[in-house]
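Written out below as structure tokens is the structure these notes cover.
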Amino acid sequence: MIEGILEYLNQTEVIKTIVILGSMGLFFVGLFGLLSQRHIIKVFISIGIMEIAVFILFIGLSFQKGLTAPMLGDAHTSFVQMNDPIPHAMILTAIVIGMAVLALGISFAIEYYKLTGKNRLDQMNEMKH
Amino acid sequence: MNIKRDISTTTLSSFTLSAFFVLTVLSILLQNIPQKLFSAGDSLLKLNSDQGVANAVTTVVVYFRGFDTLGEIAVLFIASFGIGLMLTSQTHGDKNKVKSNFMLQLGARLLFPIIILFGVYVMTFGHLSVGGGFQGGVIIASAVLLMFVSSNHFHLSHRVVEVLETFAGISYVMIGLIGLIVVDSFLGNFLPHNISQLGLLLSGGIVPIIYIIIGIKVGSEMSLIVQNMLQRSDND
Amino acid sequence: MIGLILLGTFIAVIVIAFVAITQPKLPDAIILSMGVGLAAVVLFVLFQAPDVALTEAVIGTGIGSLIYLMALKHLGEQK
Amino acid sequence: MRIINTLLAFLSLALLLSFWQDNFSFYVDLALLGLHGVVVGVKTSALSNVFALLIGFSWLMVSIASFASKKNTHSTLFLWLPILSLALFLIVYTVDYLLFFVGWEVMSIVSYFILAPTLTPKALLKYILFAMASALALLMGIVILYSGAETLLYIDANHGFTLLSQQMKMILVLLMLFAFFVKIGAIGFHYWLVDSYAQADDLFTTYLSAVLSKMGIYGLIIFLTQVVDIYSLDWKILAYTIAIIGVTTSVIATFKAIKEDELKRLLAYSSIAQLGYIVTILAIAGGMGGVLYHALIHTLVKLLLFINIASIIALTNRSKLSQLGGLIYRTPHSFVLLLIGIIVLAGMPPLAGFASKYLVYTSLLDAKMLLILSAVMFASVSGFLYVYKLIYGIYLGHPTHKSLESVDEVSKWYLIPQYIIALLLVIIGAFPALIVPTLNTVLVQLHVAPIPFETSTILESPLGAYNGFVVMSAFAVIFVLVLFFVWRVKSKAKNVKNRFDIAYCGEEPTSATPLHYGYGMGQELQRVGFIAIIWKQSSASFYNALTLMLFSLSTRLRKVYTGNLASNFNWLIIFAIFLLCWGLE
Amino acid sequence: MSSIYFIALPLLFGFATPIFAKFGKNGIAYSSVLLQASLFLLSIQLFVTMDKSIIEVIAIAPPLGIALILDNVSIFFVMLFTFLVLMGSLYYLKLREKNPYQNEAKFFILINMLLASAIGLVLSSDIFNIYVFFEIAGISAYILSAYRKTPKALEAGLKYLITGAIASIFLVFAIALIYLHLGTLNLALISQGFTALESDIKLLISLFLLIGFGLKVEIFPLNFWVTDIYEGSDAFTDAFFSAVVVKAYLFVFFHIVYLFLPHKEFTLFLLYLGAVSMLIAEIVALRQTNLKRLFAYSSLGQVGLLFVAFSMQEAVSITAGLYILLAHSLAKMVIFLSLASLFEKYKKEDISLFKEMNSPFLRNIIIISMLSLLGIPLLAGFVGKFLLLKSIAFSGLFVLLGLLVLASLIESVYYFKIIGFMFSKEERGEKFSLSTLQRAVLLTLTLGIILIGIAPFLISDFIATASSVMIDVRSYQNLLLGAN
């Protein structure tokens, strides 16, 4: 019975559905956090979670069960039977960019807090409308 | 976490909104799950076999799609000096930083060289094993962070780090321009990079060199970010 | 075997993320969001993507946690 | 700067008269502007020559009159007047709607810059908004018109017009009529006109009323004859509505003029009324001759009146009838000139005004629009009131203020243009059919029945004719007799030393008693029902409601642009969901 | 001389600023202006020598590698951007004496980075590369808007950053889906494979692209954050935002729409979205008193107009779009630059500033640029607006025509309110005059507006070929794929 479940779970189709469901679940949590939370750090956390969700979705769906990491190791001497390296390169860049932007955002928030003592989104109304 | 706290209308509305949006996207995604198809990656893998670089991701990041990495370095560069611009206004005066106890100082002084060594390893062997410029640079920055935590008045001299950073940046773009002149394509691989020397340190032509330069740049920038974040400037 | 581990980590990460978002106390929220980062590293390893896993570990969670903690230090509690 | 302006004016008039006969055309193909197939050009046609004559003549008159004032009073005027006249010439001479629109916009913007220094901000904004509304309606009309046709020329306009669907034709006609009626100041749209005329620089008001409103008439003529052949049967209802609009404009404007105390506002309302007559007979089959004739006469009269008023205001720097009076002794020349002006304005027989009124009436009669004819007669008759009020208020009656008695004659620079125009009016009065041959060439070009013509003295119309010369000589004889009689009686009359030794219902009048009562003539019309309504109602309330509605809409919409980000992202997700659902089904 | 220099040289300048800093206080300012001048000359030289589109391969050939395409359209944008940034920084040279930005070196790096990323967006032919430039432009814009470190500026920077992060998340999502379903990142291959996808996935990808770019292109439902950014940041930086940054995003968005989203009802939807966004932006602008916010709404309106022009997908309407874009960039540059020196002199940002302003030069310049924005003939705005209205009428969308005309009528209300203030007769302060260099800059820009207005045929064939190249997808694909 357990082997049956294990066998079922190992099919590529099922893995891909699990990945989609999982990452979209994470995306949902991030989106929910973005819309409901007002504290700046919470907003940045939810943006971070949304980003990670998209990255997991991308890498998860581009992963083929049988293939190994796109690197030559002791067992693999030629570039065959390997996962597609392009998504890895893209996600690598995207993570660094995401983190740079969030770090900048946090420094804006710190400076803003120092000047005005506000750390929530709905308090941010410096400009009269 | 007490369940009974009042669920205000905003959380409710945002919950339903985001749920509805994600469900519709999910339904579309589940219907057409992408099949494995002959993608650009496989052809790149074949191309990579004669690049003399063991780690396919590194060649893609640095050589095949080197332009993105150049852009990414620009983003990091702008972010780091943006944070520097923002946070150097005034080091808040409270000096009541707790004096870190002796164990932490000793341990940090012991660990610092090891982490730096690990960072340098990850950086230089980027094209042969996992890792590369970015990861190595940040590991070095985390080592610097460790030293910040361990002693209150440890600080990097701004001048040295800046020289390192400008040297790395200029040499990166210069390599690209030399590639343009020599191999008539920006960031072209003009150094010999045949498969025979696989495994040697400089076997991948400009790939390892660029990755080391990226490592230096990212390392210095990240440590600058860390220093700014911790509000340590040269004077205190 | 891999399907089961995937399922487990995904469920765990979603729960951690939800708790992190709805957590009123900020320090706990930040620690939990680091947990999400770690789970992401595990997932990337499962997906045979070591480079991405290392980057996520070092940059996504390492420097990420530093940034959020610094923000917490300066921004202080939820008013 | 002033001399250059007058020189330019004189040059343009001379050029115009010398090249009157041979037509000169110049076409430019705009294919290279990405508008392949659009041809733009300038061509002299009889109609354009007539209107160009009006422009050139009034430009010359205004610039001559401007010599009277001190050195730098009208500095901006002379800077912009040549450009404005150039734009007007462009409008008149162009053969396609693109250059027409360019001229139209440049006209409004340049006159905006001339008006800007003198008008109050509110009046200025009103002026420019109506000008922009008319320009944009015109642009929209042109673009709709040419959605079918390829080139923007007038010739293809008719072809393009027929391609449109019935509903689009109606929209196009409404747009074009709105654009031109705003410039003419038809009844709903004169909200801006009176204020800008009243507050503008005196000389520029002359130019404004004499020429700029004629551009609206020119546009209407081109649109109605070339694009919508108005005289065909299926456009009967449109012709009738235009006539009704014209009549109501003239009736209401006349009564508003009667109520007016301020000089320039009175003349502004009177020019709206006169233009109302032109609009009434514009759409009628036989009316085109009357339109051109009346347009010519109206331009001359308005030039004369406004220059006269400008000279009086410059002399006494007062512009209200109640503050003037008794100037006949001080400024006899301008009195005589104003007398000639108001005779023509009222349309009394000996002078040219009667000829144009005659054509208006006969064409209405010929088209069997009796109700409209009676309304027009009623309006022109009640026109006498404000005309008399004008001359009485300024020249007759008693001077209301000490300074009025020490004033001396108006400077000669004002008098010269007035004398020229007065001379012209008298000549046309004597020989009314003098200008009919030139008008006939225009009418033939517009494929409209020309005015029957034999000799220059007899003005014929389908229903009858009258000999101007005979009428003039009869009046001359009577006038001489009366003059002789008065002269003889005058020698016996006792010269009154002191103006106040008259019996004034029993007491002795002093300088404080308001003897100059005549200027208030026509106030008792208040008791007449519909006139009271006209005086109370004004289109201001409609436009104020419109602006208020727009502003409240703007404040409500601005609520959408709130600052906090969370609402922005809610909107974002709602937009995304909407798109998804819309896309999925 | 290849087109890569537009991106490599500013980057080199950025990295090497500490070296330039040694040449004394304004060493950096002059070197940066020198750099921008050389880039502008390079763009002119490329324009002159370019007979057909040039492809600039980076590292390896396009289907796998990245290539920069320099065809008629992109050279038009490159020249426009380099010219505007050059004018802006020349103007800044004199502005900085009165209120310089602290540690100016960084400011010049940001301006150059903005220029490089805008040109990168225009030239790039690889969708992930577009994302990277999207981020570079974004991050330099965030810092530029928060540069003054006043509470307003910081709030503007923070809001801009959060919105930009959301936009980039959706963009990465779209790129992920594209790569998963089509296996390639090259724009030409995507456009070929895109039609073969099922309609659901196509809808999802186009939705995410629309949100990703829509947030940055400031189209109606997604542009609620824009006015805060304009009001918060400095008038000088607003000039670059509205003249350079928005235009680059707009071009990339429509470049992608033409390449692989040309189906009918999507573009029709874009059409009406643009018209609605223009109308609402103009109506809201009526009641604004803060000048920066007012011109922000007018920029939103003009972007809506450009949206209508570009989503008509005909050569004539794209020519009109390019004309409007050119006129709008020039006019907004003039207005915001003069506002920068006015705010600095009169220390207030309210409309009544124009009542006190006593500088006939500036007054005439601002009036000319405002009239050109309105589309008054004999000025640059008219050509584009007339062409656009004619092509809309030609395709029979009369309701849309009515909307646009109504919006431009409302637009004329608040413009003439300002012009009325300029002519108001209150006594004015003492005369305020700009330095000669600033006058020269503003004069050249206004001369450009007048010249294009009076003699549009000077550049009409260039813009006509540019628009035909932009719409012609087939030759773009052959160029990109035929290169290797």
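Should a chain be cited, it is by its letter among A, B, C, D and E, assigned in written order, with residues numbered from 1 in that chain.
Note that in this section a contact is a pair of C-beta atoms (placed from the backbone, for glycine too) under 8 Å apart; a residue touches a chain by one contact, two chains touch by 3 or more.
It should be emphasised that the depicted structure is a prediction, and the values quoted were computed from it without experimental measurement.
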{"item": "Pieces of the assembly without chain B, by contact", "value": "one piece"}
{"item": "Neighbouring chains shared between chain B and chain C, ordered by label", "value": "A"}
{"item": "Graph separation of chain C and chain E (steps between touching chains)", "value": "2"}
{"item": "Chain whose average C-alpha position is farthest from chain B's own", "value": "D"}
{"item": "Chain at the geometric heart of the assembly (C-alpha centres)", "value": "E"}
{"item": "Pair with more cross-chain C-beta pairs in contact, given A-B and B-D", "value": "A-B"}
{"item": "Chain of greatest Cα-centre distance to chain E", "value": "D"}
{"item": "Distance from chain E to chain D - Cα centre to Cα centre, in angstrom", "value": "46"}
{"item": "Mean-CA-position distance for chain D and chain C (Å)", "value": "78"}
{"item": "Chain centre separation in whole Å, for chain E relative to chain A (CA means)", "value": "31"}
{"item": "Centre distance in Å when chain A and chain C are each reduced to the mean of their C-alpha atoms", "value": "10"}
{"item": "Chain A: positions in contact with at least two other chains", "value": "21, 25, 31-32, 34-36, 40, 43, 55, 61-62, 71, 83, 86-88, 90, 92-93, 96-98, 100-104, 108-111, 114, 124, 127"}
{"item": "Per-residue multi-chain contacts in chain E, two or more chains", "value": "128, 132, 135, 139, 142-143, 146, 149, 159, 162, 166, 179-180, 185, 200, 203-204, 228"}
{"item": "Two or more partner chains touched - positions in chain D", "value": "558, 561-563, 565-566, 569-570, 573-574, 576, 580, 584"}
{"item": "Inter-chain touch pairs (all)", "value": "A-B, A-C, A-D, A-E, B-C, B-D, B-E, D-E"}
{"item": "Of all residues in chain C, those that touch chain A in their complex", "value": "1-4, 6-7, 9-11, 13-14, 17-18, 20-21, 26, 29-30, 33, 36-37, 40, 43-44, 47-52, 55-56, 59-60, 63-64, 67-68, 70-72, 74-76, 78-79"}
{"item": "Footprint of chain B on chain A - complex, ascending", "value": "13, 16-17, 20-21, 24-25, 27-28, 31-32, 34-36, 61-62, 64, 70-72, 78-80, 82-90, 92-93, 96-97, 100-101, 103-104, 107-108, 110-111, 114"}
{"item": "Contacting residues of chain B [partner chain C, same complex]", "value": "1, 55, 57-58, 122, 130-132, 134-135, 138-139, 141-142, 145, 222, 225-226, 229-230"}
{"item": "Of all residues in chain D, those that touch chain B in their complex", "value": "566, 570, 573-574, 576-577, 580-581, 584"}
{"item": "Complex contacts: residues of chain D adjacent to chain A", "value": "558, 561-566, 569-570, 573"}
